[in-house]
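Please read the structure below before turning to the comments.
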Amino acid sequence: MIIVLNMGSSRQDADVILRRLNDAGAEGSYAAARDGRGLVVARGEERALRDLHLEGHPLVERLVALSPAYRQAQRRSQPLGSKVSLGRLEIGGSLFAVIAGPPCVETRRQFLSTAMVMKECGAHALRGSIFRSGPHADSFEGVGIKGLDLVHEISRQTALPVVCEVSSEADVRALGSRVTCLQVTPQNMSNLRLLDALGSSRLPVILTRGAAAGLDDLLLSAERILAGGNRQVMLCEQGLATAANPARPTLDLAALPELRRRTHLPLLVDPSRAGAREGVFDLAAAAAACGADGILLDVHINPQDALVGGDRCLNPAEFKRLVTELKPFLRAAGRELGRA
Amino acid sequence: MIIVLNMGSSRQDADVILRRLNDAGAEGSYAAARDGRGLVVARGEERALRDLHLEGHPLVERLVALSPAYRQAQRRSQPLGSKVSLGRLEIGGSLFAVIAGPPCVETRRQFLSTAMVMKECGAHALRGSIFRSGPHADSFEGVGIKGLDLVHEISRQTALPVVCEVSSEADVRALGSRVTCLQVTPQNMSNLRLLDALGSSRLPVILTRGAAAGLDDLLLSAERILAGGNRQVMLCEQGLATAANPARPTLDLAALPELRRRTHLPLLVDPSRAGAREGVFDLAAAAAACGADGILLDVHINPQDALVGGDRCLNPAEFKRLVTELKPFLRAAGRELGRA
Amino acid sequence: MIIVLNMGSSRQDADVILRRLNDAGAEGSYAAARDGRGLVVARGEERALRDLHLEGHPLVERLVALSPAYRQAQRRSQPLGSKVSLGRLEIGGSLFAVIAGPPCVETRRQFLSTAMVMKECGAHALRGSIFRSGPHADSFEGVGIKGLDLVHEISRQTALPVVCEVSSEADVRALGSRVTCLQVTPQNMSNLRLLDALGSSRLPVILTRGAAAGLDDLLLSAERILAGGNRQVMLCEQGLATAANPARPTLDLAALPELRRRTHLPLLVDPSRAGAREGVFDLAAAAAACGADGILLDVHINPQDALVGGDRCLNPAEFKRLVTELKPFLRAAGRELGRA
Amino acid sequence: MIIVLNMGSSRQDADVILRRLNDAGAEGSYAAARDGRGLVVARGEERALRDLHLEGHPLVERLVALSPAYRQAQRRSQPLGSKVSLGRLEIGGSLFAVIAGPPCVETRRQFLSTAMVMKECGAHALRGSIFRSGPHADSFEGVGIKGLDLVHEISRQTALPVVCEVSSEADVRALGSRVTCLQVTPQNMSNLRLLDALGSSRLPVILTRGAAAGLDDLLLSAERILAGGNRQVMLCEQGLATAANPARPTLDLAALPELRRRTHLPLLVDPSRAGAREGVFDLAAAAAACGADGILLDVHINPQDALVGGDRCLNPAEFKRLVTELKPFLRAAGRELGRA
């Protein structure tokens, strides 16, 4: 960590800071910059250095971090990349995972028929959420906890793992017994209680990047789950809020190569949440081109009747076409579409 | 609600939509726009119209809302504005409220001495949070639930109401019995579970706008609390994430006059969270100029030792000066600094 | 255009607006929405309706546009897409164009050697800019107008068309006589004088989207060039400023399918400007997957000595590898890498 | 400047960089950070260090600037602040300047009557622009250069200085002979040619911050004008593009105290451009509270007939009221409204 001292600081000022480092068992060295401004380069474990809280010190102008604040999530801790298993489906290896289903479970009929189409078209896992995750302007709240048995049953019937969104630590236990994987919604990426509950569970987790979150923040949230003891963490990119695109999140595909350098965690992309139906084909192919380990898609048996997100859901025929069209891009990327 | 049909739609297409409206007990009328594009103007209760989920209909290009999706929060429902009471402190009337304290309660000594200075300098309520609200790069997690008695005791001792941040529905009951008011952190503005738990409580709530949230989203979240039966809701602006200012949130003071037109809820501003120590004086005066009903401030007995946010905390002398300097601006705005 | 009247407006109010439409030779019809709020649906040519400037009318709350404000740029005006020729290179057809070169021309030696490598590796056109386009913190200003002969000579020698950035209308004529194509920098996307000068020229133009510009703004700028009589316009996406990624623009690839629906103009992507060297491979493949008609790349014979953008320049070996790795993605997208 | 070397760099690597510094006449010292990562702290003139272009060096991870890249603009170069004169009006002292007028000059009648009202109500300078500055969806282009005599005449007749927007270096000379002050539009904040032309002129300049520009970029543009020899530079804040507020720029008032610490240049705010008519009163008072040296306002004799920005123009009665209501806030801020 570099500690930039105030303009006009003296060698004596630096000594104050150096003593504070020494007292805390860390080390530092002094370097004079131009304009009589001094620097202290602190050596020690990142967290221990931050625990000194030098940002509020009257002699300090600012801190410049050199090491990331996430240790277990960083690539160095697992240079070959990590893998996460959803039943027999392994994410993070050479196979490309397609996770698809409706934005929300609505009825047995809707979810079962969608699930069967997913199976038939080659999806590897089902999307099956039972709650809405933020305030909304209509009345549908999700089927709620009572839909959990339905989700479980259809997951078994189709032999497809199922991913369910989670937005409260209070649901982790109940969901954990009935679904394969929990997805943290972007609104909850920094929900500490939820992250801690997931850290204590042993369920695979998809952590979705918030619409205004930097990659450091995303990795700090992932670190929190890892630090709790759960190693089954994947990241998901589904777009940033920008002034230039008021009607849709801006999918940040450049985050993929950048994340791959920084972390070993498997990387998913959700092109459905990042746009309208029409753009999903291109963005899915682009995600494959950027080395994503898989995609999440919204598919509805009948988009015009969907209670949530009907304008971004593919219908079964479109989904089938998307999977077919994706294959040559996966081959180009040196990947394969795994068997369902 | 205006339902914009696809380019090239016919009168017959419009009839399909009109029938759907009629079936749902709503009404609509057809209007032809240019280019053979048709519109249907739907009349009916906003929520009922949204429940038709026409956004996914294959004949529909997009929906244009005319009424806001929040009914109880809108100004029309209380044209003279609403007031919220924190003990004897009334927010939303002619007095201007100053809520101040440390970013986090650390120790008895720290919180008690800060509280006594707040009291002496004329603060009307204490800020007293016991949890950190998002992942962080250091070790301090907040004193946690065990600090609640301390907060309660010092609130009584100083006879100052106390505001505590909340980020999980699981804490609402415990906090509710010991503090005066709960503040929803910006990360949790759309946390539905938390909003619902607050709606069921009878505690005053400060709902903080998220760093990427539009005013409609903020009001939709407020509506959720109001709809739960809790009328004691205030809004707080503390800045938006922008690319232009990577190091600080951009305080959106223009939101104040806009919110005042749209809603009757009292409006607070937190200039501390929106910037460094140096800018807080100006932003507090600017908040007063924009008609805020009060401000929240970070004050620490000794900022250089603060475990959270030391670089944005005022020290007691600075706080005292700020309160003094604020007075002429409040007078200019036709407000008064209430008695503590 | 929909004219939304103020809350509480009467039929008489609507008549005022309807008369104003009639006086201007346009038509309108009245539709009552809920809450006694009225609408007027205006029919007429978009520009003529806007020329009424009803946004300032005291009876009007807001206007909702139904037709885009760009006519010649919209896809309907050329449903099969348009093509632009840079010498023998045709952009917008089935071939994929690779335009590459240094961020700035520095010396004869640097530009000639880079150009020869570009040629050898299969680039179709040279990037060859002679000016810096915004304030900068170092001393290099570009070789300036005196470098134009060099650019021209090397373009002829390699038989490669050359693209040169332009940021002032004063340079259009001089550049036009010596280079093949002019690229409007993102800072100048809305520079009306420059757009008008380009509209009057007959040179192919690459219009780069500004870092905070919406697609409507981009197309309005393109329309301005087209309206001047120049049909040789291409668009280029190279990233948006976002708070989440303070160190790099966020490449908005979803803009490609969206632009393709809205406009017939050829679409280019510049992955170099949107990121660091490491991400360029992935983003180039992703651009191909999203149906781009070509890419622009920064390549320097020796990136460590580059006077501009050395951290994002590929070296010749990396460029060669990128072109090779791109091919299977182009095949997957139904494209071919044209012959240089 | 701190030069952060790549992870795993050796002392020998640092020596390579140190030699490069020495060769360039600068100095540096080595400091080892944790993880075997090295740093070089370079001492020397900022521009000279940047001219080494170490950002592209294969041993370098990134550069951390310690000194700002603007020298003449920084506060240290004029600790007491600078002042700019528009005729007898001095901006940057204890008086607060009100510059008001229509968004565009339309007709003699419109401009003259607005100007006379401005005079009567106490404005200190006229806003009088003759060009539109970006692509637009209607037909009005501004009166153009032929309106310059009119602007000049009415400025003399009312004895009010006049501020005219400029967006091309080609106009600087013509405008300079007829108006008092030139305002760079936000779209042109980084237009190097224009900045250089203004640097060569001796006209007072208002440099408006771009909608996505950081303060460093703004000051780098100001530096460019100052470096050209023109010391008469003022800065103007009128809002940032944000996703949260799609319909209006977000006025960044916290920029004022921050700019005041960094630069000596006078600071203006334009609340009209940052919002709708209704918010202008509050934002003008807030600008005064934040220590602005003056404001710019859009006023139209008849907003409903305005050809540009009718929805944000005040009418004369509203303007008069705003000036009156502003006074107590100015007094609170220790300012006075100067005499017209």
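Letters are used for the chains, namely A, B, C and D, taken in the order the chains are written, and counting of residues starts over at 1 for each.
The rule is short, and it goes like this: a residue touches a chain if its C-beta (ideal position, glycine included) is under 8 Å from a C-beta of that chain, and two chains touch if they have at least 3 such contacts.
None of the values given here were measured: they were computed from a predicted structure.
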Given subunit C and subunit D, the chains that contact each of them: A, B
Per Cα centroids, the chain farthest from subunit D: A
Averaged-CA centre spacing for the pair subunit D and subunit A, given as whole angstrom: 39
Chain centre separation (subunit A, subunit B; CA means) in Å: 27
Mean-CA-position distance for subunit D and subunit B (Å): 32
Multi-partner residues of subunit A (at least 2 other chains): 46, 212, 241-244, 246
Topology of the chain contact graph, where touching chains are joined (line, ring, star, complete, other): complete
Subunit D partner contacts - residues on subunit C that touch it in the complex: 46-47, 50-51, 53, 55-58, 65, 69, 131-140, 167-170, 187-188, 190-193, 195, 210-212, 217, 220-221, 223-224, 241, 300, 303-311, 313
Subunit C-facing residues of subunit A, complex: 212-215, 240, 242-246, 248, 250-258, 261, 274-276, 278-279, 281-283, 285-291, 328-329, 331-333
Partner subunit B, residues of subunit C touching it in the complex: 1-2, 4, 29, 31-35, 37, 39, 41, 43-46, 64, 66-67, 212, 241-244, 246
